[in-house]
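Okay, so here's the structure we're looking at.
When the chains are written out, they are named A, B and C in that same order, and each has its own residue count from 1.
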Amino acid sequence: MDIGYWQHIATLGGIQAILALGFYITFLSGQFSAAHAAFMGVGAYAAGLMSSRLGLPFPLAVLLGALTAALTAALLAGLLRQLSGMILTIATLAFAEILIVVLKNNATLGGSLGLTGVALQTTLWQVLAVLLVLVLAFLRFEDSRLGISFRAVRDETTGAAAMGIDLARTRIMAFALGGFLCGIAGGLQVHYLGVIEPDEIGFYATVALMMFVVVGGRDYFCGPILAAFVFTALPELLRVTSRGRVAIFSFILIMIVILKPAGVIPRPVYWRWRRARK
Amino acid sequence: MFWEQVINGLALGSIYALIAVGYSLQLSILRVFNLAHGEIMMLSTFAGFVGLSHGLGFALSIALSVASGVVLGLLLERLTLRPIKGNDDLAPLIVTIGVGAMLQSGAVLIFGFAQLAFPRPPVSGFELGTAYVTLVQITILAVGLAALIVLNLLIHCTRFGRAVRATAELPGIAQAFGVNVSRIKLTAIGFSSGMGALAGVLIAMNYGIVTPFLGATFALKALMVVIVGGRGSINGAFFGGLMLGLLEIVVAGEFMSAYRDAIAFAVLLAFVCLRPQGLLPRAHLR
Amino acid sequence: MTDALDVNRLQVRYGPIVAVDFVSLRVGDGEVVCLIGGNGAGKSSIVRAVMGIQRADAGTIRGPDCVRLDQLAPHDVCRHGVALVPSERQVFRDMTVRENLDMGAYARTDSSDIETDIEAVLVRFPALRVRLSSLAGNLSGGQQQQLAIGRALMARPRLLLMDEPTHGLSPNLVDQLFELISNLNSDGLAILLVEQNAKRALENSSRGYVLRAGTLVAEGDSRHLLADPMVSEAYLGRSVAKSKGRP
C-alpha cells in the first residue's frame, strides 16, 4: 500500500472528523440532531454548484457553501425552537427526509445520481489544516462564554435563564455553528470525490455521525475526532462494504449506549489532560 | 374514480393507523419513540415473504409474520431497552435508531436493495358502485376497524386496560398496587409489534412488493402522526393515520406524486412546530 | 400478635451515597408510628425500600404476615398487607374516581368483597361518591388526598404507609386528616406516618422515630419525643415556623 492510499484514508477520515465536530458542537447544547448529515449535503451541493457551474474559486465556494448550510441550520433551529429532546431529534429527521426527497427529484441538481462534474481540489493538507484550526478553536471554546452558555442550555434550562442566557438564540447559534462545520465538510468532500449523491447524506450517514460522538464520548471533542478517523479507516482497510459498514456501526452504537454510555475514552484520562492544560 | 381514491386513501390510512397506534402504545407505556418499530415491521414482513416462498399458505405466512413481529419486539425490549432503563431520555432513542439501522442494513445484506415481488392472494376483488375494491383493501379496512374497537374496549372496559393506563401514567404507583409493570411493558411491545407486522404484510400484499426500505417509507410518517395526534391518545393516532392516508392519496395524489412524501413530511413538521403538544393534548394513555 | 412492620438494620445506597444507614424500626399491630426528619434525611428511601421500589442493600424488612418484603417482587408487596398513600397524592388523574379505587383493589381476586369495600370507602368519604365518574385530575387537593387514602384502603391492608400526607394541605384539611388517621387506627389499621410536619405527627402517634442524614437520632414514645429538647429545637421549632408561613 503506497502513501497515496494512506493519504486517501486520512483525507476521508479528516472530512468525517470535521463533520463529527459539527454534530458535536450542536450536541453540546443538548440538541441531538439527525439533520447534520443533511447540512453537510447542503454545503456540498452549494459548494459544488458554485465552483462547477458558477466558476467560483474553490476556497470561496466551500466557504459560501458552508454559510448556506449554516443559514439552513439556523432557519431549521428557529422553526424547531419550541421542541427539545426526542421530539426535536425526530423533527430534524423529518427535515432531512424532506431534503433528500427534494434533492432526488430535482433534475438540475442531478436527481438520484447527484451532482457530478465537480473539480477535484481538496488535498489532505487542506483538510488537516482545517482540522487543526478547529481543534485550537475547540480548546478555547470550552471555557469561553459561548461554550459555557451551550452547556448551561444543555444541563437545565432554568439555571440558564437565570444566567441571562437567551435560550432560543443560543440553540439557534448551536445549530448554525454545527451547520457551518458540516457545510465545510461537505464542501471539502464534494471537491475531493467530485460528486455528491442524496443517498450519502441520508439515514446511514446520520447513524455514523451519532456513533462517532457516542463512542468518542459526549463530553470531550477529541473523542469524536478520533472515532471518526478510526471508523473511517478501519472499514476501508478491511474492505467492508458500505451496507456492512452501517450494520457494524449501528451495532457498535447500540453496544456502547448499553454498556458504556460515557464513551470509550476513560474519564480519568480526560481529566488529567484538562488539569495539565491549566 | 374519486371513490376509488377515497378507498385507496382509507386503506393507506388504516395502514398508517395500525403503525401509529403501535408507536403510541410504546410511547405511553415504554416511554420511548421506538424508531426500530418500522424496521421490525419490515423484517416481519420478510419473514412472511420467506414463508410464502417456501410454500406456506397465506394464513400461515401471515401468522409467521405476526409471530416474528412479536418476538422481535420482545427481544428489543428485553435486550436493549431494559438494560438502559432510567439512564436518560435520549439513550433509548439512540438505541432504537441503532437497532433500526442495523435491521435495515442487515435486510439489505440478505435480500439486496431491489424490490421483491410479494405474492398477492388469489381472490382479487369486486365492483362497488363505480369503484373497484380489492380483497386486500377490504381486509385492511376490516383489520383497522377491528383493531380500533378491540383496543378501545380493552383499554377502557377491562381490568387489564386499567392496569395499562395506570402503568402509562404512574408506573411506580401502579406497581405499588400490584401491577406487574415489566409484564405490561412486554405485552405492550409484543402486541404493537405484532400489529405492525400485520400492517407490513398487508402493505406487501396491497402493493405486491417488499423491500428493506418498507419500514423507512411508512414508519417515519406514522411516527409523526403520533406526535401530531397527541402522544398518548390511541384514537388520536388512529384517526391521524387515517387522515394522513386520505390526504396523501386524495389531495397530493393529484399532482407531484414524486414530492408526495416531502409534502407529507412538511405538513407534519409544520404541525409539530406549531403545536408541539399535539392536537389532542392528553398527557397519558387514553 | 405479630408486628405490622419490622425493619431491621436497613441500608439503602445510591451508588456511593448511603441514604439509609442501618436503620431499624418497628410498627406494632394496630399502632400509629411516625417517622420524622427533614428533607433528604432518608425518609422516602425507607418508604421506597419497604414498597420494593428501591433495593435494600442490607438488612431485612418484614411485613404484617412476617413475610420478607425485601425479597418479594415490587408488585407483590401490596399482596402482603402493605398499602401506600404516596407523597403528593399521585392519584391516576386520567382515570375516574371509581377506576382509581378499582386500581387499589387490583391485586385482589374476591370481586364481591371489592364492591362492599368500595361502598365502605364512599361512606367514609362522601365527597367521592358524588364524583365517582369524574376524572381524578379534576378533584381538589383535599379530595385527591381522600381518594389516595381510599385507594390504599381498597387493598385491605394491615399496614398503611403514608408518605407526607399533610404536604400542601390547608390547616383545616390537616386537622381532618389526623382525625381520619385516628379513625382508621381505631378500626385496627397500623399506620406508619412519614412526615416533615413533626409536631402534628408526634401529637397523633404513639411512637416516633427521628431520622437525620440516614441515621436514627432519636426514637421512643411520641410524648417523650415532643418534650425532648433536642427534638423540639431541631424539628419542632422549624416545623412550627413552616406551618405558620404556609399560605
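What we mean here is this: a residue touches a chain if its C-beta (ideal position, glycine included) is under 8 Å from a C-beta of that chain, and two chains touch if they have at least 3 such contacts.
Bear in mind that the values here come from a model prediction, so they are computed numbers and not experimental data.
Q: Centre of all protein Cα atoms: which chain's centre is nearest to it?
A: That would be chain B.
Q: Hey, which chain ends up farthest from chain B, C-alpha centres compared?
A: Measuring from the centre of chain B, the most distant chain centre belongs to C.
Q: Which two chains are joined by the greatest number of C-beta pairs in contact?
A: A-B
Q: Taking each chain's centre as the mean of its CA atoms, how far is chain A from chain C in angstrom?
A: Roughly 52 Å, centre to centre.
Q: Just give me the whole-number Å value for how far the CA centre of chain B lies from that of chain C.
A: The mean C-alpha positions of chain B and chain C differ by 42 Å.
Q: How many angstrom lie between the centres of chain A and chain B, each centre taken as the mean Cα position?
A: About 31 Å separates the centre of chain A from that of chain B.
Q: Considering chain A alone, which of its residues make contact with at least two other chains?
A: Residues of chain A never touch two or more of the other chains.
Q: So in the complex, which bits of chain C are touching chain B?
A: By the definition above, chain C touches chain B via 51-53, 73-79, 83-84, 86, 90, 92-95, 99, 102-104, 106-107, 151, 155.
Q: Once bound in the complex, which stretches of chain B touch chain A?
A: Those residues of chain B that touch chain A are 33, 35, 80, 83-84, 87, 89-91, 93-95, 97-102, 104-106, 108-109, 216, 220, 223-224, 227, 258-259, 261-262, 265-266, 268-269, 272-273, 276.
Q: Within the complex, which stretch of chain A touches chain B?
A: 32, 34, 79-80, 82-83, 85-87, 89-91, 93-95, 97-98, 101-102, 105, 203-204, 207, 210-211, 214, 243-244, 246-247, 249-251, 253-254, 257-258, 261
Q: Using the touch rule from the top, collect the residues of chain B that touch chain C in their complex.
A: Where chain B meets chain C, its residues are 159, 162-163, 165-166, 169-170, 172-181, 282-286.
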